[in-house]
């Protein structure tokens, strides 16, 4: 492939590139046409829609309010705390209201409805969310304590707030869940999927989760839309609280039915276990060992372990066991 | 540890810090020397290489073209749609061509070859990629429909496009796969590893995947380089389509051999199941339950479930079983 | 919901929004009060603390030094290599020292101690870290070679450095581990959790890991605080090296005890296997198959596989078995 450089060749090469631009217009025509054909692919209309960037900024802002001083460069002190919270909360209200209005207008647009009250509705939902912040705050204080109680490696509140993916995912879920309860479209799911992307923990905003909740490590955790979780529950990485096997047309048939399990107070579920089905209940204070597949209810105060699986040893190890 | 402040001490302390800078030059010398010794660690030469930032911007740009109006702040309407697509597509071509040229030049540099045609080759590969966009578009419309058909929690096209990690990973895979087919070096893998980082879904750009493909939740999914997947296949979180146990020197011995399974049309594989081996085929319309380990072929129209594992119940639960 | 537009209504609507701002002050009062009550939620004091952004920038800078030319836009050549390394290393020292000082000051603040030596201590720890860079460099060269030896899909050093999540996580772990050894607070864990977020690989900075270490795919890997790993070990996705079932008050009872396993030289552990317990040792050269749960030691030179689980086939497949 060693080629000598030759001035004529350089010109040829430049010409060889220029004509490639001619290939672009037919591609654009096809893309534009398909955009009309497959409506699903394009959001072509006169209405702007919520953006990921704006929703993520809302998450950051809410975390600055919920954990003052942890995620800011400026230092917060008792003298300026209320000013800081006041300004951030007002801005959060305005930024959130803007995105909620866009989300509602977008839904009206899809439903081909006119939309004169969207502005007001969006602001009302945003202020209702703001009013839940003290309660979210109270819940998160208990979630942090649950991490400290459950993880021997936890060095203190700071480490949990700064670096625990479980707390990050649960913080974002608790906000998204409030917006979900306020029937805000699209935004709650963008929030929890942002948490999923950051942490590998996938909690549907529709799930209901009690206080003092702790997820350790967390990668691979899935908590489905209709899951109910009590107080003081602890989960480890890879736990799925999911739906039982679905048919091919599941999307149509099982919408709006309780498809995911109920986990009562004080349950612990170890790594990589899977609990499936809307009628499956894990009773209070029960412990589910690791790597277990559960599709039936477990009574209260029960410990469930996998019977030691038969392993095949070969090599030196065949002499033992 | 309570120490009184004393001006002399402050000076001492400043001096205590200043001399630390003397430690830096010997470290730098060692690093520079090791850079020459272990060639693998440094890319020291006169040729710049593709950057992650540029490749990620290419992904964003392609998504703006494939889903017009979803990932832009400005609103797109029927009047400006073609202008928008035209401009974005031209820019995508130019940005991609630039990175592909760098990737090819880098490969020539590694092979110590001269590189006069790299420029032209890079542009040609880039335009060939642009020409695949309408087909990628068509495939993604079917992937979105597959998500709506398969997931009862899916509220509509918008939610799938905005927030489903499965669609994000498959979108990026479909682009990377086209670049892989065009034998573009390095860039396809940077793309799919970006998707892996965002979603926990690790699809090798070399894998072949049919239409109407849906991955739900997705964290922990691994789809190996030589996997073949038919149409209308659905996977859940934690599914591995991988290679059978490899020897220690696997890197040398098994390169370029089909090491990963074949999944025929209309197969469903539930959470955390593992299908291994290049000669393993899951026949059309078969269903693989969750948490299963498969290393042999399964015929068409078969349902494979794990025999209920024996669980040990203790506590209250020991009375039931 | 189709409503006619009416100027009076618009005014009503604007008024309907304005009064919502009245709801904010009581929320702020509650948040400020809870910040004093639950000390854990706020970092309210006069001392600024390390920021995620700064720590992440330190990671980027260290990677530019460890892999010169790979993560920079400017090209590095033998003539400017030492200048490049000199400048980047000096800046890294200064940026790191600044954050380490903040971390130490923050710890003093929590312990209500005065802090005149924090500045000096922080700089000393930072320079000690800088001095470990050549050794980290040497280790990473071996980690890259281990990836090439272990993965048939690896195309070359470049691909491993550019896109392998395993190498990214191990690079960040190796830095964080040195800072952990230097008893730097908070920062090591922020680093490894950043790696966890990017790769799904969760390595505690306290773990001890030998040379030539390779993690393939990696999503879901968990390596606990007191794990010991020898040389030339290879892990696949979803492997947990964790603690045995913990009691509810585990956080208090098991702190500072060896809770995680020992993995000797040349061990391979396949996907989704779980090794638990501080007294569990996997002997040298042993191979643990996929999907296995191990809570007892395995001698050297042993291969452990799951006895083929009983599967239930139905449909066409029921005729085979």
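Chains: A, B and C, in written order; residue numbering restarts at 1 for each.
One rule holds for everything that comes next: a contact is a pair of C-beta atoms (placed from the backbone, for glycine too) under 8 Å apart; a residue touches a chain by one contact, two chains touch by 3 or more.
This structure is a prediction, so every number in the text was calculated from the model and none was measured.
Comparing the residue numbers each copy contributes, chain A and chain B share less than half of them at their mutual interface. Superposition angle, chain A onto chain C, using Cα atoms only: 120 degrees, a multiple of 5 between 0 and 180.
In whole angstrom, the spacing between the mean C-alpha positions of chain A and chain B is 20. For chain B, residues touching at least two other chains, in rising order: 200, 219-220, 238, 272, 306, 309. For chain A in complex with chain C, the touching residues are 65-71, 73-78, 81-82, 85-86, 89-90, 93, 108, 113-114, 116-117, 119-120, 123-124, 126-127, 130-131, 133-134, 137-138, 140-141, 144-145, 147-159, 161-165, 198-200, 217, 219-220, 237-238, 266, 268, 270-272, 287, 289-291, 306, 309-320. Residues of chain B that touch chain C in their complex: 1-5, 9, 13, 16-17, 20-21, 23-25, 27-32, 34-36, 38-49, 51-52, 106, 110, 185-186, 189-190, 192-193, 196-197, 200, 202, 204, 206, 219-220, 222, 224-225, 238, 240, 242-243, 245-246, 248-257, 259, 272, 274, 276, 283, 286, 292-293, 298-307, 309.
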